[in-house]
Each structure stands twice: as structure tokens, then as C-alpha cells.
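By written order: A, B, C and D. Residues from 1 in each chain.
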Amino acid sequence: MNELKVDISTLRLKNPIMSASGTFGFGYEFMEYYDTSVLGAIVCKGISKEPRRGNYGNRIAEIDGGIINSIGLENPGISEFLEKILPMIKTINTAYIVNILGSDLDEYLYLAEKLSELPRVDAIEVNISCPNVKAGGLSFGKDINLIKDLTRRLRDIFPKPIIIKVSPDLPYIEIAKICRNEGIDAITCINTIQSLLIDVEKKTFFFNNLYGGLSGPAIKPIALRVVYQVAKEVGIPVIGCGGIMSYKDAVEFFMAGATAVQIGTANFTNPLSAYEILKDLMSYLEKNKIHSVSELRIW
Amino acid sequence: MNELKVDISTLRLKNPIMSASGTFGFGYEFMEYYDTSVLGAIVCKGISKEPRRGNYGNRIAEIDGGIINSIGLENPGISEFLEKILPMIKTINTAYIVNILGSDLDEYLYLAEKLSELPRVDAIEVNISCPNVKAGGLSFGKDINLIKDLTRRLRDIFPKPIIIKVSPDLPYIEIAKICRNEGIDAITCINTIQSLLIDVEKKTFFFNNLYGGLSGPAIKPIALRVVYQVAKEVGIPVIGCGGIMSYKDAVEFFMAGATAVQIGTANFTNPLSAYEILKDLMSYLEKNKIHSVSELRIW
Amino acid sequence: MTKYNQLKVVHVRHYKANYVSLTLSYDNQMEIPMPGQFFMLKPHNTLLGRPISVHNFFRILKKGYIEFLFKIVGKGTKNLSELKRGDYVSLWGPIGNSFPTFENKKTAILVAGGRGIAPLFFLATKLFEKRYEIHFFYGVKKSEELIHILRLRNMSNKLFISTEDGKRGKKGLITDLFKSAINTYTSSLKDNLLFHDQGNNAVCYVCGPDIMMEKVCEVSLSHKIKTYISLESHIACGSGVCLGCTVESTGGQLFHVCKEGPVFDAEEIYCK
Amino acid sequence: MTKYNQLKVVHVRHYKANYVSLTLSYDNQMEIPMPGQFFMLKPHNTLLGRPISVHNFFRILKKGYIEFLFKIVGKGTKNLSELKRGDYVSLWGPIGNSFPTFENKKTAILVAGGRGIAPLFFLATKLFEKRYEIHFFYGVKKSEELIHILRLRNMSNKLFISTEDGKRGKKGLITDLFKSAINTYTSSLKDNLLFHDQGNNAVCYVCGPDIMMEKVCEVSLSHKIKTYISLESHIACGSGVCLGCTVESTGGQLFHVCKEGPVFDAEEIYCK
């Protein structure tokens, strides 16, 4: 298993398989299925400053090849996260990455500040690409000047690895270049893709908040393109995410240039997914005598 | 059937069901299956100035919920189109819309000029969003100043309806606003979404030209979002396209705000698709006593 | 304890009206399911599992078996209905809370609408074992949908049936039958077991379409009968991580069906 | 003329090695298929149809029947293999050109590799009817894959079989068997029917894996035997509209399998 280690700048992960934010709770929920410490890292559900109730009405739907969610960032807020949740994951023995979402610049900075001194928090993943919240999501990510400011100031505040999470709905190449120049450590590609769902029978929009985010197999080829472009054209470490359902999908992401990958929707299809993908990836590497996933890159 | 008529500015279509460019040849091919004159309009395969051979290697693959193509705009060129193909569709008794693609501004203008005086050509659809050609596709569409120039000069040259075709890979709202301001008649939303496919066994990119375009059911929720945003926020007529496989899907597009719709990938699933969607839509409207598809809009 | 598993199909029975019962060989490493709990069953042709309540759990020669009863309504249930004896189903569970029972309330009113029979039948068998007095209300649209009538009759002190087609039981909605029965009880049969102590001795359990549950609870709560309902929502993960399975109380509070439910105190949902 | 249709399955036969034959009741409004042509068969679980060559066409009491033979290799063919008698399959065709035959060439060499037997068997039946002299080369990996051996033997003047496992016929590749057989013919049997007139009297038809076809054509073309091959590519529409089905000649020219093919003159593909 030695060869499975990957580095996200100063953070060494024991393997390149992480959970994707919002699909794995806080890491302890899946303990009922397997010891989540085996994963390379756990990325927790997005956290905001205040508790958020999330969206009313329908929140999830399945479509051909994917699912669409409009959770609306329900989360307990940073205080409860620090007080109640962090203690609960003390025994999970792997890197812990906190995903954060703010409605404005100050909120992002506040969250990073709060998390900066905690030994249990190994890195932050900054969500600037949520398609189903009114503020702090895509609208934030589309403002290039704001992104410049955000990344620079986050870098000042937060000493451990900072990961920025983008989606194809954003000018991701431009953003990735800014990130690289501002010393951001990695980019997660991709978040869900903004989508609209209509309930034909009821003649209404399916989600109260109008938009949802598309994830699952349907977005894999789009995610691969973003991973490839960011890794190759920008030259910044990329954490691949989007429709990874099997170890083969993960291999495709490594081939496209990802340093590590995240498992999202697959956790809903089978709660053991992340674990099984890790296991199968290990056999694949062994069988093919590949010593590090970085050897898989095809460019 | 009277109530099925829709207008794309000065062009009256007998019904709102069109074929999508590149999925219906030139309109006569499907005559083997049904009389394609029943459709509201036929949009032909994209035409360039010179003949184009298209891409080498694999051109099409099926994935979960969609297909990815990297045809690379194979077409006979405008001269052969005018000389050989236009005469062949003389007997097709419905609106004929020519899709054009140029590598640069001049080529677009040249094509529009050539088509401007032909009675058989009822409108042009300008493809600025092809994800799998080296020039004239997405790279062109991303240059906002070029788009401004293009739309203005096309408007000068071409007196009949001009339709611009966008994809979510472009800043489509900005483009749609320019189009509206420059007097463009409608926007087709959406073209295929740029995607990367990897052949894990062969350890290569699947397409010679790297990128392909994703179409089919997987992109429907993304297409609906673009249709809604362009129709609602910009207020310009929208022709909806993307993953329409049944009349219900078409109804969703009308609910989101489309004036007409195009049937693409569905033609491959069943060559009678466009015809069956039209037929089923008619029964649906009749059954629900809806006199015009514009009544379906839910905002 | 194993929560995710592949279990072998030992019996499939196709009822009328597109109902299917699926009996699986249980794994004794798994938690024993309680009435009200559900499992996520994974069809082959969908991305997400489908939540199905436990319809029965029993042992034959120490070996456990679990039974599900579901109605074919879409592609997932269709696919599950095509399982054959000897096939394996991937599933995870048991998930969620269960219908609470009380030592001091030995009168139970069960109200099932349509496929709501699935969990309430299981509950009835448990209550019967515990020697509850069972008053079972069971309504369906078409009389063919009625399932387990004989067994229900054996377990219940009184069984009320309504069908919308009127071919069996009382013609009409179960909500109306329930309302009139309760009113009769409370007005003319004050000393009926059901209602001495102003209903404090009775518990009501309801499962069915949203609108039916709301109407039933309106009646039961107005008579101060402790009432529990089993709610549905779009379940994606069934593991408490996606936060997709919310339902809303009349007061606007949000609950997660797979974590705080699927069984709720009716007062929590309808009275805030 | 109807090109798209739903046809009824009248017979399904499962062979060894995952081969399946599917016989459908034909519709006399449809064009009569020729050897080399194919149909798009639409599985239920895929978006695109799957191209399958016509394996046989016959009439019983004036009613037409069409037979397909395919190997299960992925989800589409798997789904098609699950069809049962009485089911309907959506399909469109016949598509493409067919193997040409010539009045003045009455000696046919057929070379089939693996599932390449599907169209070549059909061709053989037609050639047999036309009283051709048939020299049939048939190679497979595992001997279980061999299909229709008896019927092929009856139709052929000579039947050459190779299997990679060596359990039947000659052990090895059909390309080697073909090469040595042709060399023997041409060197020692100069007056063999096959090669008087320097091969001008013979036609060679090849269908199988790309690499096998290339090697066979190298031999046949070097002996100046007119050679036709049936090519595969990723077919999406089968209607000539998507332009996805291109194959490339050695000279870099592009051809569309569903329009200019699937049968090509080997010289067009390998010699430019």
C-alpha cells in the first residue's frame, strides 16, 4: 500500500481516494458499513458560519445516468461543527478536509480563520461552485476579482493546504490560473452542474429553489475534460470528481491527470463504494505493476 | 393542427418540432422512414466553406444516459451543398434552416452571403459552439467581441431569420444579450457539451481530436436550465434542444420557455423519433385542450 | 453487525394490482428489523436504491427471513419485481426508527391506505403477539388490491375495509370510514375499550398517501389519540448523508425521513 | 416499403460460447435483405441500436423469416439475448450494400473469423443456390465457437477449419491456414479450379477481426484474387445521418460503413 500515497502539497494522503463533500456526511455515518479511516481523506459536508436549514420541498431526483440535488447547503454551522462534530470524528484515522461555503468574502474568511488552528483539520476545500444556493455559490465563483481577493486572503490566513472547488459552470481555467498564482494547493474538479428539472404532471419546477446540481455517471466525461484542462493547461494539482462509480472510472481520472479523486454519488448507489473502489484500484495497480497512480497519466 | 404554428420572427413554422443539426443529414435521408415534410423545420448538418473530411479515428461512443460524438464537422462544403444537395430537398415541403460553421469571421460571413438569396433557405443557424473542431467552435464563441462583430455583420448581410446556437460551455447569457441587441431572431440552446473520453484498456484518449460533445438524456436538465435562463433573463426566442427523447421532454422545454424544439440524438435511437414526438405532442395538446405550445410556459 | 448485504431471494409472489412480495433469506449478522423500519433495495437498472418497508420478519428453524411487499409504480420497482428465486438483491438496512409501543396502551388503531399495508401488517403481527386489541382500518382504490384479509381478520378485534370501487367492504374512502367509526365509538360507545381514559389507552398508527394520513390524523388528534405516521420522501442514500429526504411539518420544520423517521409523532408534523 | 419496424421473435437459440441466434417473423412490406447487409436492433437498455448482420433469410409457406446470429459481448447484445419467443424487437434495415457476386466468377473463397460467420454463412447459402464452388475457411479461438459445421460442409467443396485451442480442425490461426492453403493451391495445383486464369475466376469474401482481415487480404490480393471484406465501426444511426461510422483506408481515405459499406473492395481499404 506504500505506493498508494499521494501528496496534496504538504498533506500526505495514504491513498488517493477521498469522499466528496455532501455525499459522506461527516465521516462517522458510514462507520456502520466500514471503517472510513481506510480512505485517503474524508471531505465533509459544506459548512457555513450560521446553521443553514437548506431548501424546502423536493431535494433529490434521479434522472437517466445521474441524480440532481437541491439540498441548499443544510448544515449545523461552524460552531456546532467545532463543538459537536469534530469530537465525534476524533477516532477516524485519516486526513480530514473541511468543505466551506460562504455567502460573501467575509464569511469564507471567517470560516477559514476558525479552522486554521485545529490540528484535526488537515485542509480546507472551498466551495465556490454550488449551483443551488442563492449566494456564495456560482454567482460568487463567476466574479473573477472576488476570486483573486478570496484566494489571496485565504492564503494569508490558512497555513495548511487550501483546495478550491470549481465546476464547468465557472470560468475554471481562469480561476485555476489565479489559484496557481496565489499559491492555492489544489483544485477539485468538478462540483455538480447547474440543472433545471420540471415536473410535467404538476406543471411546476421540481425544486423550490429552481436549480439543482447534476452528478453521477452523466457528468463523468465533462468532469474528465475539466480535470485534463486544469491539470494540463494550468499545471496545478487536481482532485478529480464527478461520476466515479468504479475503480475504472477512477483510473480514467488518473489518466486524465488527477492527483487524487473523490467519490460522490456512488456512495448512494452502494454505501461501500468508496471502500470497494479503493480495494479494486489497489488490485488493478498491483496486477499492472504500477507503483503510483501518477504513472497512469497519459499525457 | 392550426394551433401548432409558431413564429421565429418572420418565419412561420407549421409546428414547433425541428430536427437538430448533424442528426438528420440533409432531410432526405429519413424519407426512407417517413415524409420529413411533416416537421416544422429541418436543420441540416453544419456547412463550411470548403469541404471538410471530419475527424479520423473513433467518432461516436455511447455512455450512461448519452452519446459523445467527435465528427469534426464532416461536410461537402457550400458549393456542393448548393449544387447537389439543395436540389435534392426541393420536394421537402417544410422550412429549411441551414446550419453554418466557419473557422473565422470571414468564413461565417461568406457562408451567410452565399445563402442569403436562396428562396429554399428559410433561415440560418450559426454554430459557434462546436466542441470538437480546432477552430470556429467554442474558441470562437468565447470571444465576446468577435460575437458582437459577427452578429452585427450577419444581420447586415442576411435578411431572413438568423439563429445563433450556443452551449453551456459559452457565456451564453452574455452572448444572448448581444444577439438580442443586434437583432438576431432566436437562440438555439444547446449544442453538445464538451467532453473527454478515455479508453482505459488502450490507455489513450478515445477520440483522435481529444474532445467530443455530449448529447442525449444526460444533458437535458442542463439544456432546460439554459433555455429557461436565456428565455427568461434575456427575453429572446429560444429553440430548445438537448436530450429530447419523447413528447414529454418536449413539453418540459416549452414549460421552461422554448418557442420551438429540436430533436437530435433521439433520431439515432429510433429513426421515427421526430415524427412520433410531433404526433404525441399533438395528442397531448388536444387532450389537455391547449391551443398553442406557448401556453405551456410555466413562468 | 452488517448493514449492507446481498441477500438471496427465496420466494417471490405476484399479487393482483401489481403488488409483489419478496422474501429473502436473512443474515444473522444483520440487525433484527422492527415494524416501521425500511431497507434500501437496489434495482439493477437504477442509480439509487429504493426504500421498501419491512413487511414481515420470521424464523423457520432458527433461520431468519425477511419479507417485503411493494407495488410496481416505476422502473425501480418493476426491476425488483423481476427477481427470481435464487437471485441476490443488494440492500442496506434496517433504516430509521420504528413504531413505538407502550406498556400502558394496549389498544391499537391501525389505518392503512393502499401500499401502507406493507409496514402496518408487520406492526399488526407484533402487536398481536403482544396481545394488543387491534382495530384495523384498511382502504384501497380497487378491491383487487386488498391483501392478507384473512390474516388481518384473525389478528384484529375489528377489521374495517373500504374500497373505492365498492366491491368489498364499504364503498368510499378509508378516511370517511375511519371518521364515522371513531365518532360512533366516542359518542355511543363511550365505554368501549378504545376510549376510556379519553383515548389515553389507545395508540393510532397510520400509513398511506399523504392526504389520507393528514385526514386520519385530523380525526385521531382531535380525539386526543396518540398517533404515529410513517412518511415517505425521496430517499437517495438511506444512510443519513445526503440530506435529501426531508419532509416539512405544517409549521415549516424540516425532518429527515431516513434519520428522524420514517415514523413520526403526528403532532410533530401536523401541529406546529 | 417499411424500413423501421417491430418484429416478433419466433425462435431464440443459445449456442455455446455466448452465441445467440434470433429468428424474427419478417414483414413483407420490408425490403428483402441480401448477404452482407445488416439491421440495427434496438436493445431496451441502450440509447443506440446495435448493428447485426443478416445471418439468414428464408420463407416457410410464403412467410418470410430473418435470422440474426450474434455474440454476447456487452450490455446491448446481452439485452438482446434475453428476448423470448413472442417478444417484439424494434429494428431498422436492411442497411448498407451487400457482397457482390459475378456471373463469370463461380469460385468463391469465404474466410470467416469468429462471429464473422454471421454474414458469410448467409452468403454461402446464396452462393450455393447459385451453384458456386465454395471454399470455406473458418477460424475460431475455442472449438466450442464453431457453428453450423455440418451445413457448411454440405455447401462447401472444401471446408477448412482452424481453432486456437486445437480441439477441432487445424490448431492455430485461420490466417496461417489460409496462407498455406492458397500457396499450396497456387504452387502445386496450378490447374485447380480455383486458380486458372490467375485467380480471375475466384472471388474472396472475408469477415472477421480487423487484423485477421488484413492478413487474409494481404495473401489474397498478392494472388490477384478479387477480395471483399465486411468492416465494422461504431454505428450510431445506421441511417447515414450521423457520420459516425467511418473507417480509414491505409491511404487515409474515410468511408462510412453504413453508407459505402459494410462491404468494401479490399483494394479500396488496404491499397491506397
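The rule is simple: contacts are C-beta pairs under 8 Å (C-beta built on N, C-alpha and C of every residue); 3 or more make two chains touch, one makes a residue touch a chain.
Computed from a predicted structure; not experimentally measured.
Once chain B is ignored, the contact network of the remaining chains breaks into A, C | D. Common neighbours of chain B and chain C (chains touching each): A.
Chain centres were defined as the mean of their Cα atoms; on that basis the chain farthest from chain B turns out to be C.
One finds 37 Å separating the Cα centroids of chain A and chain C. For the pair chain C and chain D, the distance between mean C-alpha positions equals 58 Å. Chain geometry summary: the mean Cα position of chain A and that of chain D are 50 Å apart. Residues of chain B in contact with at least two other chains: 65-66, 217. Multi-chain contact residues of chain C (touching two or more other chains) are absent. If the chains shown are joined wherever they touch, the resulting network is a simple chain of contacts running from one end to the other without closing. Pairs of chains that satisfy the touch definition comprise A-B, A-C, B-D. Chain contact summary for the complex, chain B toward chain D: residues 22-25, 29-30, 32-33, 45, 53-54, 56-62, 65-67, 69, 71, 74, 216-217, 265, 267-272.
Residue ranges of chain D in contact with chain B, taken from their complex: 1, 3-4, 42, 46-49, 90, 92, 234, 236-237, 239-246, 248, 252, 254. Taken together, the chain A residues at the contact with chain B in this complex read 63-66, 68, 168-169, 193-198, 200, 203-205, 211-212, 214, 217-222, 224-225, 227-228, 248, 251-252, 255-256, 298.
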